[in-house]
Every structure is written in structure tokens, then in C-alpha cells.
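As C-alpha cells, here come the structures.
In the two assemblies presented below, subunit A is common to both, partnered first by subunit B and then by subunit C.
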Partner chain A sequence: MTENGRFGKVFWAALSRYTVMYLLLGVLCLLFLAPFAWMLSVSGHDLAGVFAEPYRWIPDRYRWENFGLVTSLLPFWRYAANTLFITVLVLIGTLLSCSLVAYGFSRIQFRGRDTLFALCLSTMMLPGQVTMIPLYMLFVSLGWIDTYLPLIVPAFFGSPFYIFLLRQFFMTIPREYDEAAVLDGAGRLRIYWSIILPLARPALAVVALFTFVGTWNDFFGPLIYLNSPETATLTLGLSMLKSQVVGTGATQWHLLMAGAVLIMLPNVVIFFLAQKHFVKGIAVGGLRG
Partner chain B sequence: MKPHLLLTGTLIAASCLPGCGRQDVGGNAEVVYNCPANAADIDALKNEIPAFTAESHVNIKLNPFTGQDKLYAMMAAGQAPDIFYTNTTMRDRLAAEGRLLDLRTVSKGDPFVERLWPAVITNGTSPDSGWYSLGNWSFTLGVYYNRDLFDAAGLPYPDTAWTWETMRRLARRLTLDADGDGTPERFGIFIGSHFVEAIEQMNGAGIRPNTLLASLPDASAEAFEKYLSLMEEQLMPDIRRVQAMGMQPVQLLQSGRVAMLVEAVPHQMLIETLAIRWGVAPLPRFAGKPPKYFRTSSGGLSISSSTRFPEAAWQSVKWIVGKASIYQPNPVLRDLDFVGGWERRYPRLPGSGFREVWTLSLLHDGGDPRFFVRFSSWTSASILERLQPYLDRLWAREIGVNDVRTALPEINAHAARDLQDLLQREGIKPAFRRVIERELRSLERGAEQ
Partner chain C sequence: MNPVARRRNLLPGYLFISPWLIGFLIFTAGPMLASIGISFTSWSMLSAPTWIGLGNYERIFTEDPLFLRSLGNTAYYVIFSVPLTTVLALGLALLLNQRLPGIGVFRTIFFLPSITNLVAMSILWIWIFNPEVGLLNRALAAAGIDGPLWLQSETWSKPALILMSLWGVGGSMIIFLAALQGVPPDLYEAAELDGAGRLRRFFHITLPMISPAMFFSLVMSLIGGFQVFTQAFVMTGTAQPGTEGGPNNATLFMVLYLYKKAFQDFQMGYASALAWILFFFILVFTLAQKRAGQRWVYYEAGDRP
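Here is the complex of A and B:
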């Protein structure tokens, strides 16, 4: 076979392989994007348009006013401020506590460390339904119901998954850095704060992103622990858009979806801002550990 | 920033967050109402509560974030809200566990009770004869129809005395297979499978109220056959296809894919979204059978047995149902002009048949959800778990109605295990324990026969 012929064969083989791969990826992408596209489409309809047959994916006129209507039907900005407040504190708590615990598990030798780590990981096996009522009773006895404390304080006591993720990442950081810092007179907290944390930015970005998305979108926690409308978060507020009083009440799907789009926006923005760190953190934390 | 300073500062900030709990306000009794409402309704309620408090010295604290998980967590922690919504499937179970207040204890001699339609009390009554929920809404069933399609076919609109056979005949005339491919583009009617029990009732099925086990008497089987024949004749779209596509029945009517549709009356979403010329007729009667029009109070408001203020909670429930504007005019009250109120709210309603359908439901008691063991009893979950696969095969015409009847002992045995588990629990009230034991004995007798 000539050089040209071999090149052509390799070229076509690669082309067909990539074509199939990208086609598959494209189909998967469409599959994942379809609900998102539907949400965007519905948010621009009126209620009759949502139930029109056949459904029109692109409305005759995109009803931007739905977004304004959502913010006027609910104390939207109040709820957004509540959500942001909770999210920021949870973020701080999670990053501080998880990184500190992970630092201990990855850097400090002590008796029973591995057992403790296994115990910590085993708490991941407990489904939320099992701990829901005992936790609720605990928070009742502390007088924390209808406050933000049950939503925020647990974040300061670590989360096993993030501890695991960070520990794996910390273990990839050479110990020589610690030794050099010790020679310079740094204590453990100083090493943690000034050496480990700056080097672990990608992993911290992953934890921060997951925490942000999880807390921002959390519905169940606020539903269980909050009672007063003034303390509500965005997800709770959104649930109030569903009319449930009258047995056959109409759910305002177009407004619900407009609200969902608004709530989702910070997630999208943060994901794109942190995308580089996110991918790197996942790859390093997940594969090298 | 120093790490310990950041950590300490954040913890201090978190501990200073606003805290609130149940407090009595200015000497008024305060009751917590888990109110499943939207934001606008919550605002309306909040605006009206001060006037109620001034009059009654009862303050209602609204908790708009509701859900069964939350309710159960609150109950387990001894923090049950004073008032909350219960549907028929959860109410009896909670009542059996002693978690609900029997409303008879607080309503004795109260003239408010006289204002309620008797069916509202019956609907809220559990097998131990206790009254555990006050229905806060009510609906009947009707056949919504597309007037343009009737006019185009030169057919008269359904009247209040029409029969099942008339409905079939009209459905046949309205079914359209323009391209002749054997699959109609337009079907005459659509009836959701969850409404079959209403058809059974109309056909005279004598199902004992508050039974906990499934049965399929002859009249029920006959109603099933009639329902199935609509699909077999292609007068109705295949129910599995409609379910699989997740279609809202209202879409079928709006799009002209069906000419008639059985749905709840009133149906707010339908009234607000249908853009066609429509009318509504009562469910068709069965020839030779007395008219029966199903009407339900669709769950209701219950009071926790652990409330500190039973009288205040009862006063609040009465106010919510009878005065709060979001429920008015409320169809559960006899002395309010419900139809007139809705006709004023929705100008499409006068002349639509809405008034006639509602009036018929008041004149002829067509049973209530307590008859609907398959969908509305405390055993409906375990019954449906085993029954649904048979129903799916029935809709697919893989089996017949008699096969479903043959499977009933197996289905009921499954439900009986659920009941036996309940009997093992210590907190079950004696009256409910007796009901469960009665049901289990009847099952044993059936098995022996």
C-alpha cells in the first residue's frame, strides 16, 4: 500500500470515528438540553400556549413580562437575598470545615485515623430519609425550627463527600512543601492556610461549586425547617406559585418556568466562571488520589 | 485573614440569625395552619387574619410550606401544626393513630354544622364514625364538550337527562377518521381511568362505604365493560397512549382531538385555558338506573389531636372554610350562592350548563370518595400496587374484566398484610382496630367460601 493510500485510510477511519463520536455526543447533548429548552420555551408562553396542541416550541411572541410577573407575584428579591445569605454561609462553613478535616486526614498521623476516615465515609451510606426525623427532633429541642440555623450550622461540621474529595487532592500535594514550611517555623494551621489551601484551589472550586448549586437549589431542607413566609428561599417561593388550595386549581406553568429560569441563572453564570477549575479539580481529585 | 478569626466570626454571625417559634400574641390563642396555598392566596389570608383575630381572639399563624414529609417530621417531633390539610388516603391512617381531633368534640351544638352539606360531613367521617376533616372544597364530574364540533355535525348538545347510550351514539357521530387509515384523528370522548369508579357508582355498584378491601360486583364489572368498549370501538383514544404521552386531558379537548371530555366541575384550569366554545353536561345516566352524581369534598382541613387550643383551632377552621375570601363562595356551604359567585368570576359560565350540572349533584347523591377503595382509602396504595398491573393489561385488552375479578383475592391478601402490620402497632385506636379486624375476618370468610 502506498503512503498516500495508508494516510487516506487512517484519515477516513479517524473521520468516521470522530463523526460517530460527535453524533453520539450531539444526541446525548440534545437529550440533556431538551428539558432546559422546554423550560425556556414554556417561560415565554402564556398558560393557554403551554397546553396548545400541537405545542409550539417557539412562541409567536416571547412573553418577557412573565419574568417581571414572577418577581411581582412573590417577594422575589427578599427570597433571593435569603437564599444568598444561606448559601454564602454554607459555602464558608463547608469550605472551612471540610478542608480542615481533609487536611487532618491527609497530613496528620494519629492513632485510628484510617478507621475514623472510614467511619466518616460510612455516614454517606445513610439516606436522608433516615436522618430526617431525628435531625428535625434535634433542631426542635435546640429551638432552631423556623430559623436558618438548621440549614447553616451543619455545614460547619463537614460533609463526608467533600472531605473525601479534598483529602484525595491534598494527598497529591508533595509533603516537601510542608517540610519546608516547618523549617521556616510554620505550625499546622499556618501550613493548612498558607500552603495547602492555595495549592488546592481547583479542588476547593469544585467543592464550592457543588455546595453553591446544592444549597441554592435546596428545596427539602428549607421546606422542612422554615415555616414563615418571610424566611423563605427561592425554591420555596417557587413552590408557592403552584396553586394547591382548590382541588382543581391551575398551576401557572409559564410563571413557574420563568421563575425556574431566574433561579437557575446564578448557577449557570458561576459554572461558566469556574469551569476551568471545576474540570481540573474533578480530574485531579477524582483520578490521582 | 487569620483562619480562626474567619471561623469564629462566621459562627457568631450564624448564631445571631433571627429565631422565631410559636408565641402567643397579645394574649390571643395562636394556632399554626399548614396552608397549601400560592403566594397571592397567602397574602390575601394574611390581610384578613387581623380582623378575624380582633373578633375571635385567635391568631392564625400561616405556614405556607407544606408536604407530607414535613407534616410527618413535625408530628414525630411533637410539633404538629394545629390545622393541616389531609386527603382521604392519609386521613384515616392518621386518625387511626390518634393524631387527629374528632371534630364532633368541638362542633357539638355549633350552628355552623347546619350550614354544611351533609355529604361534606360524611366525606370527612372515618370508619370509626369519627369526623376528622372538614372539606374545604368540593367538585362533581361532568362532560365538557366542544360546541363547534357538535354544530358542525348538526348534533344537539347533551341535556341533563342524556344516557350512556345517547353518549355513545353522539361519540360515534363525532369520531372522525378522515384519511380512512383505521385510526381516528378525532375521538368522540375521553374518560380518564380514575373516573371509572364514578361510572361504577352510576351503574348501581353497591360498594360498601369505608371498606378497606377491593371488590368488583357485577354492576362494577358491567361498567368496566362499557368503559372498555369505548376504546374497542375507537370512540375513545387508547388510555395507555394518552398516559404515555403525559397529555393533559384538557389538551385533548382544546386541540379538537376529542369532542367530549369527562372532568371535574368546577375545573379552574380548564375554565381559564379552554379557548374553544364549550359547554358542560352531567355524566350520562344508565338506562333504568336511578340518577347518581358523584360529588366529593376532595380532602379537607384536620385539627391535630395534640393542639393546645382545640376550640380556637375549630373557630379558625370555620373561618377559613366559611369566610376567608380565597375559598369563597365555598361549595361546601348550603347557604352560599356558589354557582352565582363562579358565574360572576368567569363570564363564560352562564349558559354553559355549569349551573345545571352542579344542581344535579346536589339533588342526587352519587356516592363519595369513601366508596372508592381503589383510589381513596388507607389501603389504596397497597391495593393499587397489585391491581395496577392487571388494569394495565385490561386496558391493553390482554385480559378481561373477569380475570381482574379472579385476581382480587391475591390483591386483597396483599392489602391485608398491610392491615396486619397496622394491627401490630401499639398506637392504633381500638375503634379502628375493630374495623381492621372486621375486614380481615371478612377476607378470611371469603377465602373459605
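Here is the complex of A and C:
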């Protein structure tokens, strides 16, 4: 702040600046929120209300039963259980494998380590499409198509971005802790498990959140590997429902919207509970990248 | 560290990184090599692959109008969505980088769309883009504008998808915001003492200081832009399977075309060749950005990765 203005001048300048800022932020906010509001609004209408002219943002009666209807239109709970099953196993696999590998890359000095770490990072650039077809063949020949194995097993073999994220965090943990444990006779696995992992809880939380959101939202994997309707995940199920009903006359948009709301809900809830971790994770990835 | 200790560390070191190393060999390196091989064959998965050398690549570039169409569509998407996303993300980050009461609420709202499920989001936006009763055309009508057909129009379907991509700007925004908050305040104070105005401070301090974040965000959104798939798959085409890619293939992007070749036509060799061409484009543009970046990205001493 400059000191050369009199109080009144500074006050009015600040006030007008605040007003302009809040106006600008408010308008942008409306633009970002409008699609969500629209989705919630359409979810509460009946079919006639969806097409009514003029459209009424607030239905005369909010039709909560739409959410129940869509869960019977899809085998919603079945898909939710499938998705949850995959997500939990992917979470376990990712957290275990990435933290082990990150420990190796950050705590143990061995020949070839830095070259391998560079190789690990460089695979982040590789588009998944390049390996997609041979991987599909591999899973076909293993008889894994229409099972959850292609979606779960690779998670137990680490993922470069999370390895990178955890390694960066492990490097900030003072080595004195390790050395003290060594004096107490602890081996490497013991140090990893009882010292590094507990101290790295914030970083593990970031990885867990990203993994959860990523797996919950994954579309391409289930689309390729899951063929029969009963194995589908929520995301795949919603897309199948959409292609079944859209363009076949009176599409029940209110129900599709209700389905979309239900599928978005877990992420939104998790996001509100753990916003700080998300922001930190993205920022670290972005700044060090 | 002495060589003896280094050697003693060899086994535990490799044991700890073995999950990644094994995974790399099985799920990345092996499939990459296989993919090169497959791209030189004609393979429908029903019969054994036959070697046709560079035949797929030749056909792709000389007698496949759909490939050229998908290339053009992808270029269009990237050319518009990457700069627009970057500018919007930076603008929002600058707004959020003020010390105003309640600023965290705004950050949450701008970021929220980027964690939502892309399929659910696509369904929502199909309805927003509905020409007669969708939110967008209703809003345009209120302003006296007769909105276009959006997803059903060859001209407007790509702009529609780009518009939707702007809603997911939150990730880049957070990266910019973190970078902005990392700029040391004394730099601004010093510049102000020297009489530098707002604009000068922005161009001579802010932009150089956040250029690494901008570089990262540009590279990531370029790679993401080349791989756009889900929106086009869910939102465009008619109810018939196989029509994804919009009116007259206006939203047939490279990855969508690749997917259709592989999993609807089962032309695995052809699709593999497409994958390598896609990789080639991504690589060239990433390296080009890196080269150009050496001129405009400012790294503080010792900060270069």
C-alpha cells in the first residue's frame, strides 16, 4: 500500500476495489455454478416440467423420487458395489506399491537409481493409447476380459506420478529418524513401515484422494475391459443408460440428470472434506513438474 | 557414499523399486515393443496377424480421409482449448490471489467442476447444449440471440466441446495460484519503490516468476487436448453405436478414431499405427514447447529440474 493518500482517498479506493472484485468474482461464480444448479433443477422435475415453456428453475414440487427411479433403471447399487470394490483394491495397491518404490528411490543409494527414476518419470509422458492394444491382447489371452483384474492388478505395480509425489515428500523427512532406528536394530522394511509411512500421512492422503477420484471417474478402462452389463461400473453404467435412452423419443432427462447427480456426489463430498489435500497435491505436482 | 555400501544397497534397492520395475516391463515396455510390431501387421484378432510392413502408415496418410479429418479436428480442439484454458486459469488465479474475505469459497467453486465425473458431466452438458430447451440457448434467447444447434451442428460441435472444457479449468488454476503465492513479496515492494506500475510489475515480475508453472500447465493441457475422448464419445453421434464423432465426423478426434478402429472394427494393426502417430505428434509438440520454453521460462538459480 502507498502511504501518500489521505485516509478518505485510501478508503474509497479500497471500497471501490472490493466492489469491483466481488462483482467480478460473483459473476464468474454464477457462470461456474449454473450448470450444477441446472442439473439439480432438472433432476427435480417430471418429464413435462423438463420441456415446459417457460422453464421453471424451481419445480412446483421437487421430485425426490427421481433419484429412486434412476437407481432402479440402472442396477445402481450393483454398479456402486462394483465400483467401490475396484476402487478399494486400487487404493490398497497404489498406496502400497507407490510408497515402497518411493522409499527405494528416496532412501536407498544404489547403482542405476537415478537413471531408473528418470525413466520412471519419463513414462508419464507416454500416452496410454500406445500400450492399450497390446495390453488388451495380454488381458484377453489371460482370460481377464470382463473381470476386474485388468483394472486392479496394474495398480499394484506403482504409478509414476504418485511415486514422484511420495518420493518428494519422503526426501523432506529427516534422515536422523532412520539412523536412530538403525541403531535400535530396525531393518529397512521396519523403517519404511513404522517411521516413514506414519510421517508421510499427509502425502499418502493426497495420493489416496487422487486415486479415489481417478478410479471412481475412470471411463476408458471399464469401457474396454468390461463387456457384460452386470460387471459395469457406475460411470460405464451411466454411459450405457445414456446410449439406451437418448434419441429414442422422449428421453427421460430428469432421470439421467438424477443419475448424474448421484454419481458426482461422492467426489463432491470427499472434495469438501479434504479440499486442502487436493489443492496441495496439485500445487506440488505443478510446481515441481 | 562409498562403493562398498553402494554395492550392499543394490539388492534392497532393487527389491524396493521392484513393483514399479516389474510393472514397467510388463505393462509399459513390453506392450510398447509389441505395439510397434503390431502396427506393421494387418490383424483382426480372428485370424493370425499378417506382416504388411509400413502398409498401415502408408494407408493412413494417403488414403484415409477420416484420419485427416480426425487430425484436423484434434488440431482445432488443441489450438483453441489450450490457450483459452491457460488464459482463463491465469485470470482466475490472479483474481483468487487477493487478500479478500471469503476468497476460499470462490476457489472451491471454480475448482469443483474439475473433480466431477466426466461421463456425468458430459450428460449434463448434452442437456445444456440442447438447441430448444437447453440452458445455453435459453440464456442466449433471453439476450435476444438465436442460439446454434451446438452438438448437432457440424460447425458448432467443436466449439461446444471447447466451451465445456473451460468449465474444467480448475486444475490449471490451482497450479497458477500456487505459483503466484510463491512469488516473494519483496520483489513487488522493490519494484514499487523503483516506480514500476501495475502492468510493469505483472509483466516483469509475476509472469517470469510463474513461467515454470505456466510451462507445466501448457504441456499438460496440450497432452490432454491431444487425448480428448470421453466427451466426444458420450456427447456426440446418434443413439446408434458407431456414430460417435458427431455430425459428419466433426468431433471425430484422434483417440476416438483410434478407439473405433480398435474396438469397433477390430483393426488392431491399423489402430496401433494410429497410436504411434498420435504419440509422435504429442512428442513433437512437447519437445517443441520445451525448446521454446528455454527462451521464455525463467528458472531461479538451481531451480531447474
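Definition applied: the second predicted complex is superposed on the first by the 223 of 289 C-alpha atoms of A that agree within 3 Å, B and C clash if a C-alpha of one lies under 4 Å from a C-alpha of the other, contacts with A are read in each partner's own complex, and residues count from 1 in each chain.
Everything below uses one rule, namely that contacts are C-beta pairs under 8 Å (C-beta built on N, C-alpha and C of every residue); 3 or more make two chains touch, one makes a residue touch a chain.
Since we're looking at a predicted model, the values are computed, not measured.
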item: Most subunit A residues touched (candidates subunit B, subunit C); value: C
item: First, second, both or neither for A:Ile145, with subunit B first and subunit C second; value: first
item: Partner chain(s) touched by A:Leu25 [first = subunit B, second = subunit C, both, neither]; value: second
item: Which superposed partner A:Leu126 touches (first subunit B, second subunit C, both, neither); value: second
item: Subunit B versus subunit C as contact partner of A:Phe271, first or second or both or neither; value: second
item: Partner chain in contact with A:Ile58 - subunit B first, subunit C second, else both or neither; value: neither
item: First (subunit B), second (subunit C), both or neither touched by A:Trp193; value: first
item: Which superposed partner A:Ile224 touches (first subunit B, second subunit C, both, neither); value: both
item: Touched partner set for A:Leu183, first subunit B, second subunit C, both or neither; value: neither
item: First (subunit B), second (subunit C), both or neither touched by A:Ser239; value: both
item: Overlap of the subunit B and subunit C footprints on subunit A, listed as residue numbers; value: 51, 53, 132-133, 136-137, 140, 156, 192, 220, 223-224, 236, 239, 242-244, 246-248
item: Complex contact set, residues of subunit A against subunit B; value: 47-48, 51-54, 73-74, 89, 92-93, 96, 132-133, 136-137, 140, 143-149, 152-153, 156, 189, 192-193, 220, 222-224, 226-229, 231-232, 236-237, 239-251
item: Complex interface listing, subunit C residues touching subunit A; value: 1, 5-7, 9-10, 12-17, 19-24, 26-28, 30-32, 34-35, 38, 45, 92, 95, 98, 100, 106-113, 115-121, 123-128, 133, 135, 138, 167, 171, 174-175, 177-179, 182, 192, 212-213, 216-217, 220, 223, 226-227, 229-230, 233-234, 238-239, 241, 255, 258, 262-263, 268, 271-272, 275-276, 278-279, 282-283, 286, 305
item: Touch list for subunit B against partner subunit A, complex; value: 2-4, 6-7, 10-11, 13-15, 17-21, 32, 35-42, 46, 61-65, 67, 69-70, 72-74, 76-79, 136-137, 139, 248, 250-252, 254-255, 257, 264, 266-270, 272-273, 275, 298-299, 326-327
item: Subunit C partner contacts - residues on subunit A that touch it in the complex; value: 2, 18, 21-22, 24-25, 28-29, 32-36, 38-39, 42, 50-51, 53, 55, 97, 100-101, 103-105, 108-111, 113, 116, 119-120, 123, 125-138, 140, 154, 156-158, 160, 163, 188, 192, 213, 216-217, 219-220, 223-224, 235-236, 238-239, 242-244, 246-248, 253, 256-257, 259-261, 263-264, 267-268, 271-272, 275, 278-279, 282-283, 285-289
